[in-house]
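Naming follows writing order (A, B, C, D and E), and every chain is counted from residue 1.
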Amino acid sequence: MTMKSTQNNLPLQEISHESDLDKNFGKHIAKMAHGEKLFGCIQCGNCSASCPMSVYMDHTPRKIIAMIRAGFRDEVLSSKTIWLCASCYNCTVECPKGIKITEIMYALKRDAILTKNYPKGFPIPILSRTFYNEVKRSGRINETSLLMKYYFSYNIFKSLGYAALAIKLFFTGRLILFEKGIKNKAGLKQMLSSSKN
Amino acid sequence: MGNDKPKLKLAVYWGAACGGCCVSVLDVHEKLFDVVANADLVFWPIALDVKYKDVEEMPDQHIDVTLFNGAVRNSENEHIAKLLRQKTKIMIAYGSCAHMGGIPGLANFSTKEELYKRVYEDSESTENAQKVYPQTETTIAEGKLTLPNFYKDVCTLDQIVDVDYYLPGCPPQTERLVEVFMAVVTGAELPPKGSVIGAGSKVQCDECKREKVNKSGITRFYRTWEKEDDGKTCLNEQGFLCMGPATRNGCGVRCVEGNAPCRGCYGPLDGIPDPGAKMMSAIASMLNEKEEGDIQKALDTVVDPAGTFYRFSLPGSILRRKQS
Amino acid sequence: MKYLYFPGCSLKSSGRSYEESLLSVLKKMNVGVEEIDDWNCCGATNYMAMNERNAIGITARNLALAEKQGKEDIMAPCAACYMGLLKTQKYIETEPKVKETVLTNLKKSGLEFENTSKVRHPLDIFINDISLDTIKDNVYAPLKGVKVACYYGCQLTRPYATFDDQRDPQSMENIVKALGGTPVEWPIKTRCCSGSMTSTVSEIGLRMSYLILKEAKDRGADVMITACPLCQFNLECFQGKMSGKYGENVKMPVMYFTQLMGMAFGLDKKELGLHRMLSPELSLS
Amino acid sequence: MTNMNTEQWSPKIVAFFCNWCTYTASDLAGVSRLRYAPSTRVIRVMCSGRIDPEFIMEAFAKGADGVLIGGCHPGDCHYSEGNYKCLRRYDLLQRYIEQMGIDTRRLRLEWISAAEGKKLQEVVNEMTNTLKEIGPSKIKHVVETIEK
Amino acid sequence: MSNQKEEIRIGYYVCHCGHNIAGVIDVKSVAEYCAKLPNVVVAREYKYMCSDPGQELIQKDIKELNLNRVVVASCSPLLHESTFRGATSKAGLNQFYMQMVNIRENASWVHESKEEATEKAKDLSRAAIHRVAFNKALEKKKVPVNPTALVVGGGIAGIAAAMSLANAGKKVYLVEKDPTIGGYMAKFDKTFPTLDCAACILTPKMSSVLKHPNITLLSYSEVSEVEGYVGNYKIKVTRKPRYVKEELCVGCYDCITACTFKEGKFPDEFNFGLSKRKPVYIPFPQATPLVAVIDEKTCIHFKTGKCPQTCAKACERNAIDFTQKPEVVELNVGVVILTTGFQPFDAKKASNYGYGKYPNVFTSLEVERLVNASGPTEGHVVLRDGVTHPKSIGIIHCVGSRDEKTNKWCSRVCCMYSLKLAHLLKEHSGAEIYNFYIDMRTPGKGYEEFYDKLLNEGVQFIRGRVAEVNDWATTPEEKGKLLIRAEDTMIGMVRRIPVDMVVLAVGLEPGKDAQEIRKMFNISCSNEGFFLERHPKLAPVDTFTEGVFIAGACQGPKDIPDSVAQAGAAAAQALALIDTGHVELEPNTAFITEERCCGCQVCVAMCPYTAISFDPVKKASSINEALCKGCGTCVAACGSNAITQNLFTDVEIMSEIDGILIN
């Protein structure tokens, strides 16, 4: 739960009344993720335990589900957890109640981007956005161009750490500088522009 | 039989029929003398020159017995059926067509448009480039010509007029007709109105001499040319579709005696509204298969189920005709 | 035998040696391959994070192109592409609203889509279509005494794939045995390598890949094989960085399973793209 | 029902349920408060093998939009094999109905065990939706109106 | 056809059932509507028709208004038909002149729209009003009940049921498929929550069964065929060959000692393979009957025919008989109680826990034997190697249970037995014990107190479902250990706990022969595969087949006290049936009207009970009423309408159809 400082410097929950909760958040996310089973969660924690990333997360996946259900909307959307999900689907296949947790995480990512609620300056949403636009532009991913653009919008200095690797890749022919992209770019673009999420 | 008693007045009429019923009346042979001794034939289009007008002029209830054969198919059939009803004391639906619709009743699987197209355009022997179809009225120089209106549905007699008795068969057994006739003549007590007369009270199997083996169920059906009949075993058990188990007897098991499966012309027993449904139930029950696929395969050998199980009875059955 | 080939972006750049070795091995076994014309990126995990309809849409475009090209099964060697294609098929099948939008959008770019193709991973094809016996028949230099850690990663067996066990897959192990090698029994072969996290949150990404390499090494593996270009990249290209960071040498040969097959088949190193590898070379004695 | 528009129109399904499986399943659905479309009118028979094709035709002729038969799963009949007899009759009847120009989806046979209240709910809802798609039955009208 | 048509006078009663019906259906408008239907003399609504005043209302109307037909619209006929039939017959009217309409289970409980539910109630009522006019007066047939009982399954439930019946003076056959009775309880060390010794309380019961003059124990036997009906079942029981004559063997172990195999070589079923037995064996020292059995799958004589047969020579009583064949025994019984129990979930199916892969992953049942003083290790808790004492043990709850991929249900006993095992393991080994649970379920007398006790004993409880057990050591200390990964959900942190031993608390499943048994006895199973009771609340030990009762874990996961209680309930139901002396059969049998029957014999093949026979002299078939079970299949097959099924005549059903549809 997000903490905020008060004048007395005592931490206080931002949500202090039940009326502050977004009671429809659970239904909203369940719909986005095509997963009504979200409400059947028994809070067993199997998702967290099967997740390789859970130890790095600010909230475990189980807790995220509980928070969604209870309506802690802002806390969920601004959490790093959803961006640390690597989509490995282990939780989904292991969940004893058949909850599509990975899809819920995707839905949360989309919702966070739509509502501009994602953790600012956190690299992963930026990569996603860059990737998205890159495909929209050329139809294929050119790793060089993707990473350059990503580092440019995230933190250009970070890319310096990878310079040596880039050089090696270039000399083994694994770093392609120009990708022509697909032939029917116009068709793809038209297709992608017409659908709102 | 004394001559002091007034002679019975008898009428015979054909609606949509093949003529076989009228022939069956003639089939009384020498008994015709008995008939004529006791009855006057007042109306019989196939044999006597009596005009509709003559009938119209008869007082009501003038005719004692009318044997109406054939289904009601057009406005003329209906008109005469109603007319005869008015002039007759005992109206008998004579033969399968008047009783249940009969073979002409199979037309209820088609629409009028389909029938016209087939008959007046598509049939192999037809040349009709102008696509001329029958019209109820045609005006020519000499005046107006009329034809009866061809109905969309084929009807049984009792769907048009009140019927006193049914004498089933295609055609009915002549002996049965004579028996009925003599009963009327002698003034014997008649069965309740609406009864089937001149037929038995059980189904065909009762008189059938063929053996039941009851060994195992049926796995497929055969049409008569597909397999040789052994001459003694129940035809259904051999896999030939015999309508005997749901068809009233009285014909003397004519067809099976001639080694052909019963086709159901005598119709169902009392209290059975739909002979086809009964027969389907009995036949399907006899099948042996359990798996959906096997059942379907066995049923594939029933060619044209509706036409088979309702060969004589479609207009008189519960669903009456094909939906269009 | 012929397949419609969906390479995906990686197999054209950083994962080139996967394509080179896969095609060489298939050629050796007389299996025909035809690349899908004008295919586009599958969207990977990032697309789903941005826009669901478009994520399904772009992948459906590839499936539609494949349908147009032929009735053969689609071969998708990249685990992310493979999963993405399967997922798209599933969504089209079960989510009528998504289907409607996607079909309308495809129609706008002149494509019809009936969702009739079958999507297959090369491992599935090797085991179930080509057969282990045919693989055995092609072995020229058996991998005698070579201990192999087979690493599957996540999206290859989860959640839609059905060709192998989700918890303890055996396809690569069976291929290794057919090649004469010895698979190493280890418990984390389907644990995620962290995906793109090596470039975004490298502290986490590198650690996860490091743990995988370390465990394989601890279990005595001489080589690790993979079937996904991203796993391969993470496990192969950061070995130096990890060794320095965690103070333990985790350098070991990490190659595509198709490269190992090619080596056992006696194919030329160049044909297998082995000259492009950054991890230590596997020497067959 | 004349003032109802098609959106609100609810089909009438005559449902023949066997006492041991499907009727019990419908009781279970009730006890479990599973909501489903109010389209069915259940007639209880001891076994699906009792169901005479005449019953089905009568139902259609008198205005049923659909007929649903519910029996025990194959191998589970309380009377050993009555459900197989039912299946055979049903399969033949489907062919007849099709020849009679009736949409075969109006007649449906389902095996629903005593424990499958949920399946009952799904089947009724599904059939109701299908019938809504097909629209009201005109069979009664055709049977009762002789077209001249 | 009788011309003397009686005037039909119908009384119609619609029940509110409190709010159950009236909350959804407008009962007043239904009653008003029905009052106007033909033949209806009176139509009333009442709060609870099944109550005494409700029934009296009907009776009063029958007498005062001269009613001759009654229609009651209320709940399912399966629930209250007999109530209203009774009320009808008490007023002097034949009980079958009463027709019930189900507007609760079939309408008010399943529909939301009040208008449509009310419309449906009207349609269904109209159908019954149409139909009831055609209902016929019938009599129920009384058949005597054979006062003998069959109990299938000799676990604790079967033992308890058999003893109750036998003590009441009834003859009982107890059939057990294994060589000994006792079931799973005989394998347990202690029972929760009292921790009394299972053997000490069970074995006296087992020997009482054997000694009881009213009980015939058929061990190593299985029911193979069931015929007949309530009160008169004919049961075939197949006795498997033991190759030891039961009447001669005294259980002296001489044959076992003398067996060619010097040591046990084959996995011992009783100890779940934790020990080895010889081909000739006695399952355990208190086995009942205490008779040796020879396993033909492992005995050299049966495998090669070249055995010196030292066992036979060693037996002074010449009890060993290699020529025994399966034997079929025919039993005539009036009632049956099924107590066929459960099977444990196969731990290999939860492959993420590594059972079968990592030797030190055990099932809870194996551990029951490990901690048992009479078990293979004499109560010493050791790892699979037989020597190492574990210093830390993880007990994983809900294995196979509460999971959509395996068994959806909670197995009900695992929490408590896991607590029991935690206590025993700690007591026996002093190891650190971790319990991994999802929810702690301790609903029972003294159960929560037992949990409290464990908490205070220092057993660790982690609320979180274990995702995986493996041997992935990431630190040197973890080497050689099993790692359990779970989220400690109370803290919100994921933990990886290294232990020496893992215990899987496997759930309970329907027995593997449950489907076969169910089919033989013509009863139903719930979706999970457990035997289905007639009513979850009001008839928990009855089935839909009269005279067949169920008790114990075959009906659903259950602990010992509940199994015993249920066995008592089943025995009481069986006794009630036996002591009534007769049963009344529903008169829904069919009969053939000879005048219509043509003798086509289509019906003969229809009947699974060979109740229909053809008389070649009369050229007609007839139905033996005693054999007819009243399905009506022959009725639908008869092309002559010669067969009538009582209670379900053509005209009754047709009028019901018309009643539904003709508005």
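Heads up, the rule we're going with is that a contact is a pair of C-beta atoms (placed from the backbone, for glycine too) under 8 Å apart; a residue touches a chain by one contact, two chains touch by 3 or more.
On a predicted model such as this, the values are computed, not experimentally measured, just so you know.
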item	value
Contact-graph distance - origin chain B, target chain D	1
Assembly fragments, chain E aside and the remaining chains unmoved: A, C | B, D
item	value
Chain ID, smallest distance between chain and overall C-alpha centroids	D
A-C or A-E, whichever has more C-beta pairs in contact	A-C
Computed distance of Cα centres, chain C from chain B, in Å	75
Whole-Å gap separating chain A and chain D, where each centre is the average of the chain's CA atoms	49
Centre-of-Cα separation between chain E and chain C, whole angstrom	50
Centre distance in Å when chain A and chain B are each reduced to the mean of their C-alpha atoms	78
In chain E, residues with contacts to at least two other chains	352, 606, 633, 636-637, 650
Touching two or more other chains - residues of chain A	90
Of all residues in chain D, the ones touching two or more other chains	52-54, 58, 85, 89
Those chain pairs that satisfy the touch definition	A-C, A-E, B-D, B-E, C-E, D-E
Chain A-touching residues of chain E, taken from the complex the two chains share	352, 402-405, 438-439, 463-468, 485-489, 492-494
Contacting residues of chain B [partner chain D, same complex]	75, 78, 109, 149, 151-153, 155, 159, 272-274, 276-278, 280-281, 283-285, 287, 289-290, 292, 295-296, 299, 302, 304-307, 309, 317-324
List of chain B residues in touch with chain E within their complex	201-206, 212, 214, 217, 234, 244-247, 249, 269, 271-272, 278-279, 281-282, 285-286
Interfacial residue positions of chain E with respect to chain C in the complex	351-352, 470-472, 474
Contact set on chain E toward chain B in their complex	595-602, 604-606, 614, 619, 633, 636-641, 650
